[in-house]
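Each structure below appears as structure tokens.
Here chain A shows up in two complexes: once beside chain B, once beside chain C.
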Partner chain A sequence: MNFWDYIGNRHQQLLADAYQHASAVFQCMVVATLVGVLIGVVSYRSEWAGNLATLTTSTILTIPALAMIGLLIPIVGLGVAPTVIALTLYGLLPIVRNSIVGLRGVDPALIDAAKGIGMSRIARLVKVELPLAWPPILTGIRVSTQMLMGIAAIAAYASGPGLGNEIFRGIASLGSKNALNQVLAGTLGIIILALIFDAVYVLVGRLTIPRGIRV
Partner chain B sequence: MSGRRPSPPDNRPEGEHEVKGLAFRDEGEGEQEAAPLVAPPPEKMMRRIGWPKLVLLPAVIAVVLLATWLWFQRADLDSISETALSNGNVWKAFKQHVQLTVISTFFVLIIAIPLGILLTRKAFRKAAPIAMTFANMGQATPAIGLLALLVIWMGIGEKPALIGIIIYAVLPVLSNTIAGLKANDPTLMEAARGIGMSSVGVLTKVELPLAVPLILAGVRTALVLNVGTATLATFGGGGGLGVLITTGITNQRMPVLLLGSILTVALALFVDWLASLAEILLSPRGLEVKS
Partner chain C sequence: MSETSTETGTGTAETPASTTGATIELENLTKRYPGNSDPAVDSVNMEIKAGELVVFVGPSGCGKSTTLKMINRLIEPTSGRIRIDGEDVTDMDPVKLRRKIGYAIQSSGLFPHMTVAQNIALVPKMIGWSKSKTKARVEEMLDLVGLDPAEFHGRYPRQLSGGQQQRVGVARALAADPPVLLMDEPFGAVDPITRDHLQDELIRLQRELHKTIVFVTHDFDEAIKLGDRIVVLRERSHIAQFDTPEAILTNPADDFVSGFVGAGAALKRLNLTRVRDVEITEYPTVNVDDPLQDIFNKLRAAQTNELLLLDKRGRPYKWLRRGDLMRARGSLARAGTLVHDTVTRDATLRDALEAVLTDNAGRVAVTGHRGVYEGVVDMETLMNSVHELLEADRQDAVEHQHELEDQRSLQTHQAQEGPGGEAEV
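On to the complex of A and B.
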């Protein structure tokens, strides 16, 4: 069976896996973004808290994905739970870091001006600081998403969802004719998904970055 | 293919460059080492590293390993776990893992750094964007898929695992090197040329010393990335600590799984700590950011 026949035969399974892969990554990214930006907002004003947040999340990123999943399995069991927890944790660092950098990088004169026209702390944060910090945060989200695509593939070993299952089926049947097709389908599928996500983020950037600060 | 990214922040907090390379290789977001113009006051060597940094992480790792060891002394293991952990299997896996990491890092560095230097020379500068696009695409490739393809192509063993690990880490280190060399202050290069230095002189006496922090950051990136990818070597029969983790998962033996995971985490954190020390100690003093 050549590769295209394989795709034709299994397209339903492949699409289901691809959908699950994308949906797992997307959902974890939403959670990671919310938590990450929140951590950034809470910690960026103090040097100490900001550094602690960056240090903690970067330590998490240092841990190899397979080991993280291995540590989670005894606690939460196999399947979706360790996948979701691991993906969310790994997604945090780029977002936390870029939120802090972005929020700290806002021109103090602008914040002063906002204060001067009588904006409250919350209003300043929501209407001035976060929109100005949005481009780096979005970059962080893109970077996280790409990373999670690959980590989600590894999570399939712990019975997680997604295209990683296709790759591991191929590894399990090494030597059989379909092994190459399976691995190739899974790998290419993940690359395509990552590129689609990236294109969507470019679009989101076009639509959401305030016109005034576009380059 | 890869659209322009939204402009990355170019005002990073000082000393931020040491964060793992995984993520932040957007063009233009290079290192900022050239910034401080005021030379830091001379200090003693040890002052460059605060004692918390020196002691805290190794202490935590030691406590965790000790706790694990004590727990294993008491745990009653069944026969499957016994076999998985006996006969020096754990030590063998650990040794393999370290070996895979060290060898692959060595190759990553001797491939990526010269290539990065080459791609920032005038003659090859046109090729740099192509290499960057390639590197960005490579980021999207899942490590496990790459490894599996290599195993199918070359057969089971240590070699495909090593090659996979190397390919996976070359791209980020390469794009880091290019970004960093590009971020060097052009006026310095101009000044060097102005006093009559040859292009080789400019490279070896100005550009490379300025890029040392960046190269060290590359070493750290590669090491950390490789410790992680080496856990996947087990899927291609390449050994390493991943063997314990996968044995634990497939046989449902939590002690084996936990031991494998804890050792991997400890190794990864320790390697990162070592590399961060090296980063601090080996950076040229003149480039130090005053803290």
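On to the complex of A and C.
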């Protein structure tokens, strides 16, 4: 059975896996974005809090994915829970770091102007600082998504959802006639998903970054 | 969008007659930064009248900006009181206070992610104006600062020139019709020509609006041009002199102020006087059509060792020295140096001085209608005139000083005697 026959035979299973993969990454990204931006907003104004947030999230990123999921299994069990927790934690760093950099990068003269015309702290944040920091934050989200696409494959180790199942199945049955096809299908599927997500982010950027600050 | 609406229900498109200025009083206003034994601003007392444009001028780091920012409490004063229109605002909610005070800064401070219209609409929206009223106001403000509303409405700040951005910045500051406008070196970042235009515009605006404007600059010329009164500040925001531009120019209070005014005072005087106001001297002239022998004779007879050669229409053509004709072997076409600069009677003395300085012999021909020769202004005449002008100014200043002193003593007299006098009635 060649690769294309394999795809033809198993396309339903593959599509289901791909959908679950995408859905898991997407949901984790939403949570990671909300938490990440929140951490950024809370910490960017103080030197040490910002550094602490960046340091913590980058430390999380250095934990090997397999180990992280392995460590989570005894605590939260198998399946979706360890996947979501691990992915969300891994997704934080680029978002937190870019939020802090973006918020700190807003021209102090503009903050001064915003205060001077009588904007409250919340109004300044919502109407001036976050919109101006949005392009770097979006870049952080993009990087996070690409990263999570790959890491999500490992979720299959904890019986999680997604294309990782194909890859793990293939690796487990190495030598059988479909092993290579399985690994290949899973890997290519992840790459394609990543490209689609990236294209969507370009579109999101077009729609959400005001024309006045678009590069 | 977290602002609470305070709309009063009168949200029609009609804008009320604009608010004119309010008084500003600063009383013992002081700012101390922790870890610094000397205060940045040391006990400033000042009264700014309603509708007045007051310029704070001083060297960098003298605390002029800090003083300005304490008025809208971007910098909280350590001690002292601020009163606007008689109302003590020192403990008022700063956000509310700032909505009643326009604020324009260097490099405009426009938000790059908002259009021109959105920038201008910010304050009116925050204080709860209706959509239609805000919209009408935006158009009105653009019009006021000399930008075509239809053209500029939807543009982003980066699509504007520096001067246009600054205009929009002023429009935003004035949008909610505040009685007081604070301007922190607003024209510091634009090129000199644009700055000149913007200054003219501000003068025109102020004539229409009569706001109380506090303007910070380190450029004394700008202060002279704009200010109804000027506050010259030295370090720690100590007031060196608070007076009209004329008084400061002609009668600086001390060495610091005169150092700040500098040599500029005399030069500025030159700008205010025209060539027609000074004595124009006669000069021996000959015409290109005169016979060569006559020219030789005149050259020999003249007290100056130079003649001015006029062309057929009587316009200055060449300066002829005694030796020139000999060297050119009697040919007028080759002799002498061409006249390359002349001034009219309407030129300022500064222009005349410029011409005299560039001419190696230190004089310039004055021309009248169609460039016809009328006389000559030389270095000596200019020097004498300037001396006379400055002397006259000085006398004016002394008189002004006396008047002030008289007034003051009268006031003190009244203050001392007044209550007693009433008690007798």
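Here is the rule we go by: the second predicted complex is superposed on the first by the 215 of 215 C-alpha atoms of A that agree within 3 Å, B and C clash if a C-alpha of one lies under 4 Å from a C-alpha of the other, contacts with A are read in each partner's own complex, and residues count from 1 in each chain.
To be clear about the criterion, a contact is a pair of C-beta atoms (placed from the backbone, for glycine too) under 8 Å apart; a residue touches a chain by one contact, two chains touch by 3 or more.
Everything quoted here is computed from the prediction, not taken from an experiment.
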{"item": "Clash or fit (per the criteria above) of chain B with chain C on chain A", "value": "fit"}
{"item": "Angle at the Cα centre of chain A, taken between the Cα centres of chain B and chain C once the superposition is applied, in steps of 10 degrees", "value": "90"}
{"item": "First, second, both or neither for A:I75, with chain B first and chain C second", "value": "neither"}
{"item": "Contacts of A:I154 with chain B and chain C, given as first, second, both or neither", "value": "first"}
{"item": "First (chain B), second (chain C), both or neither touched by A:I171", "value": "first"}
{"item": "First (chain B), second (chain C), both or neither touched by A:L61", "value": "first"}
{"item": "Touching partner for A:G102 - first (chain B), second (chain C), both, neither", "value": "first"}
{"item": "Partner contacting more residues of chain A (chain B vs chain C)", "value": "B"}
{"item": "Which of chain B and chain C A:M119 touches, first, second, both or neither", "value": "second"}
{"item": "Superposed arrangement (fit on chain A Cα atoms) - minimum chain B/chain C Cα distance in Å", "value": "15"}
{"item": "Contact footprint of chain A on chain C as seen in their complex", "value": "1-3, 72, 74, 95-100, 102-103, 105-107, 109-115, 122-123, 126, 156-158, 172-173, 182"}
{"item": "Contacting residues of chain A [partner chain B, same complex]", "value": "50, 54, 58-59, 61-68, 70-71, 73-74, 78, 93-94, 97-98, 100-102, 104-105, 135-136, 138-140, 142-144, 146-147, 149-150, 153-154, 157-158, 164, 167-168, 170-171, 174, 179-180, 183-184, 186-187, 190-191, 194-195, 198-199, 202, 205, 209, 215"}
{"item": "Footprint of chain A on chain B - complex, ascending", "value": "1-3, 5-9, 11-13, 16, 19-20, 22-24, 26, 137, 139-146, 148-149, 151-152, 156, 224, 227-232, 235-236, 241-242, 245-246, 248-249, 254, 257-258, 260-262, 264-265, 268-269, 272"}
{"item": "Contact set on chain A toward chain C in their complex", "value": "109-110, 112-120, 122-123, 126-128, 131-132, 210-213"}
